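Right, one structure below, let's go through it.
Chain nomenclature is as follows: A, B and C, assigned in order of appearance, with residue numbering initiated at 1 for each chain independently.
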Amino acid sequence: MQVNENKEFQPLIVAFCCNWCSYAGADLSGTNRLNYPTNVKIIRVPCSCRVNPMFILRAFQRGADGVILCGCHPGDCHYTSGNYFTRRRMTLLFSMLDFLGIERDRTRVEWVSAAEGAKFAATMNEFTEAVRKLGPNRRLEDLRCRKQ
Amino acid sequence: MQEAMIKRAKELLADGSVKRVIGWKRGEFAYDITPAVFESAEELDKDFVFDDFTSANVSKYLVKESKKEGKVLVFLKPCDTYSLNQLTKEHRVDRDNIYVIGIPGGPKLDIEKIKAKGITGILSVKNDNYTLKIDTLYGEETMPFSEAILDKCASCKSKKHVTYDELIGEDGDVLDSDRFDMVEKLENMTAQERYDFWREQLSKCIRCNACRNVCPACTCEKCVFDNPNSGVENKAASDSFEENMFHIIRAFHVAGRCTDCGECSRVCPQNIPLHLLNRKFIKDINSLYGEYQAGADTTSRAPLTDYTADDCEASIVHERGAE
Amino acid sequence: MLKISLSRLEELFAAIAEKQTLYIPSDRADGAAEFTKWEPGKALTQKLNTLRSAKDFFFPQTENIVDFKMEGKNIQVIDQRSEHEDFVIFGVRPCDARSFTILDKVFLSEPVDSFYKNRRDHGTVVTMACSRPAETCFCGTFGIDATEPEGDAACWSDGEDLFIKANNDKGQAFIDSISSLLEEGDTAKLDQVKAKTKEILSRLPLANLSTAAFGGDTLNEHFNSEKWAELSESCLGCGTCTFVCPTCQCYDIKDFNTGNGIKRFRCWDSCMYSDFTKMAHGNPRTSQLERFRQRFMHKLVYFPANNNGEFGCVGCGRCLSKCPISMNIVKVMKALEVK
């Protein structure tokens, strides 16, 4: 990867957002006219714990360079405890991806409430930049899916 | 030991307390032993074997066998009893239909390690006071017993039977093992080194599914990788992504349920150290959520179906170890 | 016979690799042998055989067949076939060499499999006679002489020199291309080595295994045997035996949606799997017993019935050493041949 290519590199970010908090947070950042990169593609899920590890891997397979999972703050889950399970699952999954040598900064969990439009935009800006720095996802890429 | 086991099995068959016996059956050579179901004293006398090569964990067969008519007798080594306990906990076996006789565990031998010494044409293997005397087509060979021990036995975690109806021989204790050493060594490498290590290992995978099918924790009626409607079904890894995905998902699905019996690595025809993936999860669970041994009991909550309000955040992964 | 000193093997490999891609069995980091592309410094393994069979060269585990691209209402079909480069596989054992004959019967009979034929046409198989058979070997059962290998050209080693002989025109062309390195040699010592190997072959534990009880006309007898239940009882239903087998040739054709088109590929399949030959109504073989029976009936009964008595096994012994529960064709044959 050359430097000049890196400058132009536009990462594809997949953000799984829970319906009750984070998706509303994204909405709020929109209505507040806050900027966040168009690189972020949001997938709405009923609860952050709907996301199983396969979703994360499938996102990488289909060309994501970074995957972020957003849910209600611990204690605020619409279903009482969903995000607590998410937290354990994703901790273990990310640790395993790290163990396999996949760059840590490609995955993240962030708690964003419906009132935190600003936090949502800031998180996405920051995450997109972190992934941009890493360059294209090569270690967990399905070559067949690369756009020719 | 073998005689005592056959004798006891015959008694239990004769008085009608059990209908079938799960054990190990003699093969063509010294080492190719097959798990088998015995139904009569004659079969037991003819083929039942228990020796240094009876390493197969037979607990998974109980999923099928315990649902059949009549009680089944099973001989379990200490590590196998953890698997049975875990299956009992998940309601995959009918424990009331199983009569467990606890038998001493290994260390068992790995024929591949003997063959790796260049020893071939193996006709018989005898353990003479911890020296293996191997009779081959090309003359007699010897090697120390300790160099042919199965990896899973070399890092044995427990000699204790966690469930049994009776014991033949003594019960042992939970051991301090060095089973996490290799995981730790990998954790201390750089991400690039870890990546290279796993690429070399996982690229050998031929997707034979032996690791999955032998695993006592893998008892789904239909695996997601066999289900055409799952969207991820595949019969062969077409590229490195699919190699990674299969093994990550498989290890994740047994995380918190894997008893670390080591069967996955034992059966892998390509010698991939798959147990390291499971041990990584076990190590993480132990350090992040408290010591937990799957299969040690039948009542506790598994770490992934449990939580506390002050669990660590996923960002802990970013904060520790080498980059 | 033509020969070259074993100490000059590297020179020989370099000469071959200069003209076409050369694959030899060599040791990988974990000690197992596998066929790898030769490059300077890569040594021939001392192991009897490779962990995986040599069938991958002609029938790889996965291969792309055709791509589809959609643009609006148009579908573009992109044929993935291309002319294969010339290559040499050196050091194929007699059992694996025979497996190519068996695969040929499947893939080269009408309708010809053009993917397979393409590779077969461009590949030269140079075999290597055995001198240290293992206890799991039983190629003799299927009429293979481990001291007289088939293949385009055959090699023997007497410990000092490598002898080489062509079996057909392709093999002769191969030898001609390296003839400057070869010299005429005396085979007296080699004949002794061969005699010694033959003596060991006769003493192998499985030397007396016979196919007499099998073949196309034994179908009903074996299909209905009660022994399948006991034999298949412990089968895990994994595909290890199938995937290490040099003669297993079943495959599946699947489509993969890449998100920007479809890739149609084929991959090895195993009759041991629950979704093997799955059709709209489901799977024709619903129990592991039926699947297990299919594999061995295919090799011992159906295949010879359709191929002039040729069995679908070459006795390489890979399934004997790799099956997780050590159930294999030898145990099946021994159980079934007892009336």
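Throughout what follows, a residue touches a chain if its C-beta (ideal position, glycine included) is under 8 Å from a C-beta of that chain, and two chains touch if they have at least 3 such contacts.
Small disclaimer: the values here were computed from a predicted structure and weren't measured.
Chemist: Among the chains, which has its CA centre at the largest distance from chain B's?
Modeler: Of all the other chains, the one whose centre lies farthest from chain B is A.
Chemist: Just to be sure I understand: the centre of a chain is the mean of its C-alpha atoms, right? Then which chain's centre is nearest the mean of all of them?
Modeler: Going by the distance between chain centres and the overall C-alpha centre, it is B.
Chemist: Please work out which of B-C and A-C is bridged by more C-beta pairs in contact, and write that pair.
Modeler: By the number of C-beta pairs in contact, the winner is B-C.
Chemist: What whole-number Å value describes the gap between the mean CA coordinates of chain A and chain B?
Modeler: 36
Chemist: Distance from the CA centroid of chain B to that of chain C, rounded to the nearest Å?
Modeler: Their C-alpha centroids are separated by 30 Å.
Chemist: Report, in whole Å, the distance between the mean C-alpha point of chain A and the mean C-alpha point of chain C.
Modeler: Here chain A and chain C have centroids separated by 46 Å.
Chemist: Where in chain A do residues touch at least two different other chains?
Modeler: 142, 144
Chemist: Indicate the residues of chain C shared as contacts by at least two other chains.
Modeler: Answer for chain C, listing residues that touch two or more other chains: 256.
Chemist: Would you please write down the residue numbers of chain B that are in contact with two or more other chains?
Modeler: In chain B, 238 touch at least two other chains.
Chemist: Hey, which residues of chain C end up touching chain B in the complex?
Modeler: Where chain C meets chain B, its residues are 29-32, 46, 48, 51-52, 61-62, 132-136, 200, 203-206, 230, 233-234, 236-240, 242-244, 252, 254, 256, 265, 267-270, 273-275, 278, 320-322, 324-328, 330-331, 334.
Chemist: Quick check: in the complex, which residue numbers of chain B touch chain A?
Modeler: 183, 186-187, 191-199, 224, 231-232, 238-242, 244-245, 248-249, 251-252, 255, 277, 280-281, 284-285, 288-289, 303-309, 311-318, 321, 323
Chemist: Given the complex with chain B, which residues does chain A contribute to the contact?
Modeler: Answer in residue numbers: 53-54, 57-58, 60-61, 74-75, 81, 84-85, 87-105, 107-109, 139-144.
Chemist: Which chain B residues qualify as touching chain C in the complex?
Modeler: Chain B reaches chain C through residues 27-29, 31-37, 56, 61, 111, 115-116, 118, 120-123, 136-138, 200, 206-210, 212-214, 222, 226, 228, 233-238, 266-267, 269-271.
Chemist: What part of chain A is in contact with chain C in the complex they form?
Modeler: Touching chain C: residues 62-63, 142, 144-145, 147-148 of chain A.
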